[in-house]
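Read from first to last, the chains carry the letters A, B and C; within each, the first residue is number 1.
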Amino acid sequence: MSQATRSVLLHSFVIALLVVMFFVLPEYHSGNLARILVLAVFAMGYNVLFGYTGLLSLGHALFFASGMYGLGLSIQFMQASPMLAMIIGLITAVVVSCVIGFLALRTTGVAFMIVTLMFAQAGFLTVLFFGKYTRGDEGFVIQRAQRSMFGFDLSQPFPRYFAALVLFSICLFLIAWLVHSRFGKTLVAIRENEQRARMLGYDVQRHKLVAVIISGTMSGAAGAAYALLFGYAGASFAAVQYSILPLLYVLLGGAGTTIGPLIGTVFMFYLIDISSEYTEAYMLIAGLVLILLTLFAPHGIAGLVRKKLVWLP
Amino acid sequence: MDFGPYLFVASLEGAITAAVLALTAVGLSIVFGIMRVVNVAHGEFFMLGAVIAWWITSLIAGHPALGFTVALVAAPIIVGVIAVVCNRLVLHKIDYEPERTIVATIGLLYVIQQTTLMTFGPEARPVEAPFNQRIALPWFEFGESGFALTWPWGLSTTTYKLAVIVAAIVILLILWLVMTRTKIGLIMRATQLDQEMAQAHGIAVGRVYALVFGLGAALAALGAVLVVPIQQAHYLMGGDPLLLSFIVVIIGGLGSVLGTVVAAILIGMSDGIISVFFTPTLAKILATLLVAFVLIFKPDGLFGKRRE
Amino acid sequence: MSIISTRGLSKHYSGLRAVNDVDFDLPEGQVRALIGPNGAGKTTFVGMLSGRIKSTSGSVSFLDTDVTELPAHKRMSMGMAYTFQITSVFANLSVHENVALAARRAIKGPAPVVNDKVMAVLEQVYLADRTGQIAGDLSYGHQRLLEIGMGLAQSPKLFILDEPTQGLSAAEVDGFIQLVKVLSENTTILLIEHNMDVVMQTAHYITVLNFGETLAEGTPEEIKSNAEVQTAYLGST
């Protein structure tokens, strides 16, 4: 069996499993799973940059928020249809990632981390600054009437879950394909040894920029979908915490693997969900997991599996 | 109040910000300069300093100056010890690898902040200043009778605020003396210049790192203890000092202590003055963008020399 | 016709003249050795040819085009290949993928075409039985061969090799000499080399650098009998 076939089989199996889950799980958990799928898209976007290109961004909340507010504000103030709003959200994310990529990629390593962190912080503060429109921390609700697409009411559990799953599936196959493409392999080469990739004649800067744009756009798509499916946009989604979460998901699940982000999101989501029942200091868990992962399992869950089972895309 | 006196008060407030910021940022700067790591949890050490100061002063009855004096000595030491433990348990284990250190210190940030939330609680708590006399400040005027000094209403400060500025200057001078005149300072500077060479000359680099990390955190805590009678202790108070310290350290040239102090004065003063003209949010937006653009276009800081 | 040439090429590091005012011409089809004592500026010089290092002044032209301002990757895609002095392979990727990365950039064809090229190259550098191995697990000598293979896979017009035989065993050095002889039939080769046996057996022509300047140029025989070259070497050892 060729790697490409195995990859298609594995990913189809994951998606089939997710379809079954909706009917098996009680409503509370399938609702969570819809949220997890959207957040996993965010993590997959993050993974394109971190896992495959080796660039550690601390500012992905900016891309998530670009999609979220691109969609949310165009529905709120332009009465845009969900489809149009989705497109506006995506375009916003593309534009923002072009600009950030162009600027931030002049730096590397630690400076890149800080620059992305600062840009995202500036983005978060901008959301607060225009509180008149964004309603700042409090955020705004997108009315149920404005959230139906192709005749499906996305505020209902069934359409909402499957809308999330469709988005997730598209992104999963896109990434599976990307990883096997020339472009994806070049990204891995850049991650492994940037100097060498350059001296093989690859335009490293251009590849990195495209990676930022793909990563940012996918994160933006997740942000837009989040606002549309759950009917809410707020500044907390632009805050530092939402830049750290995808890093956490990807580290936990396994950087540079196609399904690692999903695994990481599921685990982390439930860890936080369960701990928040006991304490309001639920981010304590996130902090502990971050430290433990850096200390003991830098390759995450999928990394461990890959070590034992040899193959994983 | 007229604009002139208003600006005067703003610069005085700015000087206090600058003094506290200089302490905090120098802490971050020596950690970066000597250990070559960025400590994202630095703001939490600041917060711990303030919270522990509150805790100590609330334990000690009697004149507020008594509790405060104990806090001024004990809080930085306690925070320093906590930092040394963090260094030993985490940073040392990942070999101070720059990118992993950032991720790990983000983890530390949440652990420290959220543990404080669980124990200290979400309220902001005040600490009483050891002394706090109001001083009216003079202002000059060119009236019909020529040059004259006046005491406009509202133009005042307190003895405590002036003491904060003096204390910060004294502490920085002591630090400078330690760094330049003592053996331990020499060892630190040697480690900064060439870690491997220092090791070869029998310097226990591991211990120097522990010391530096502890010292960096203690300086942040010291800044916090000084400012807590003016500001109140709160579990989320570490965010702003972290951002400002970043700005200062980056603009001053990464790892340069003198550059850091100069930048702290500049940023602290302008922070006070800028807030007269801009809303705080806009000022922060501009500040974060400034950091980003300095790193992109002048990575050695505005005052730093280009290294080849 | 010169495939690559420089005029007045210099690199100064805050006062230190690593390379100073070098005029250099390499005719197509030649195997040229670049020799000189340690610190003579050889690596800096080829760094400027390949674009890894920016020159302070002077010009480089490749295939009759002025490439002084072109970044390294553009020069590589024009038909240069470069192997690093310190082995620089993709240590976590397979031997096959290492070479494929090089081949893919040069041949735009579909996967099977790339694969054929990769296998042909691996055959040439004696690594055909190790395609699946992780590059980092290879022995040092095999990693050096892999490096050369990555250069070959680009089918370069000019192949710059920075101390390729450093750290190789005697048998591996012999293999390398054979390889260069085969390659020289279709490729111009610029070789930085310390091992004089290798130089004498492979080079058509030799350039000697000393203190960043051209000390002498000539055939292996001429260089061998050049008194200045001998003092330069004796002085350095």
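Simple rule for what comes next: contacts are C-beta pairs under 8 Å (C-beta built on N, C-alpha and C of every residue); 3 or more make two chains touch, one makes a residue touch a chain.
Please read these numbers as outputs of a predicted model, since none were measured by experiment.
Most remote from chain C, judged by the distance between CA-atom centroids, is B.
Pairs A-B and A-C differ in how many C-beta pairs touch across them, and the larger number is found at A-B. Comparing per-chain C-alpha centres with the mean over every protein C-alpha atom, the closest match is chain A. Separation between the centroids of chain B and chain C, computed from CA atoms only, is 52 Å.
Work out the mean CA point of chain A and of chain B, and you get 35 Å between them.
Computed from the mean C-alpha positions, the centre of chain A lies at a distance of 43 Å from the centre of chain C. None of the residues of chain C touches two or more other chains. On the chain B side of its complex with chain A, the touching residues are 38, 90, 93-94, 98-100, 102-104, 106-111, 113-115, 117-118, 122, 243, 246, 250, 279, 281-282, 284-285, 288-289, 291-292, 295-297, 299. Chain contact summary for the complex, chain A toward chain C: residues 182, 185-186, 188-189, 192-193, 195-204.
In the complex of the two chains, the chain A residues touching chain B come out as 56, 58, 103-104, 106-107, 109-111, 113-115, 118-119, 121-122, 125-126, 128-129, 244, 247, 251, 279-284, 286-291, 294-295, 298.
Those residues of chain C that touch chain A in the shared complex are 50, 52, 72-74, 76-77, 82, 84, 88-93, 97, 100-102, 104-106, 150, 154.
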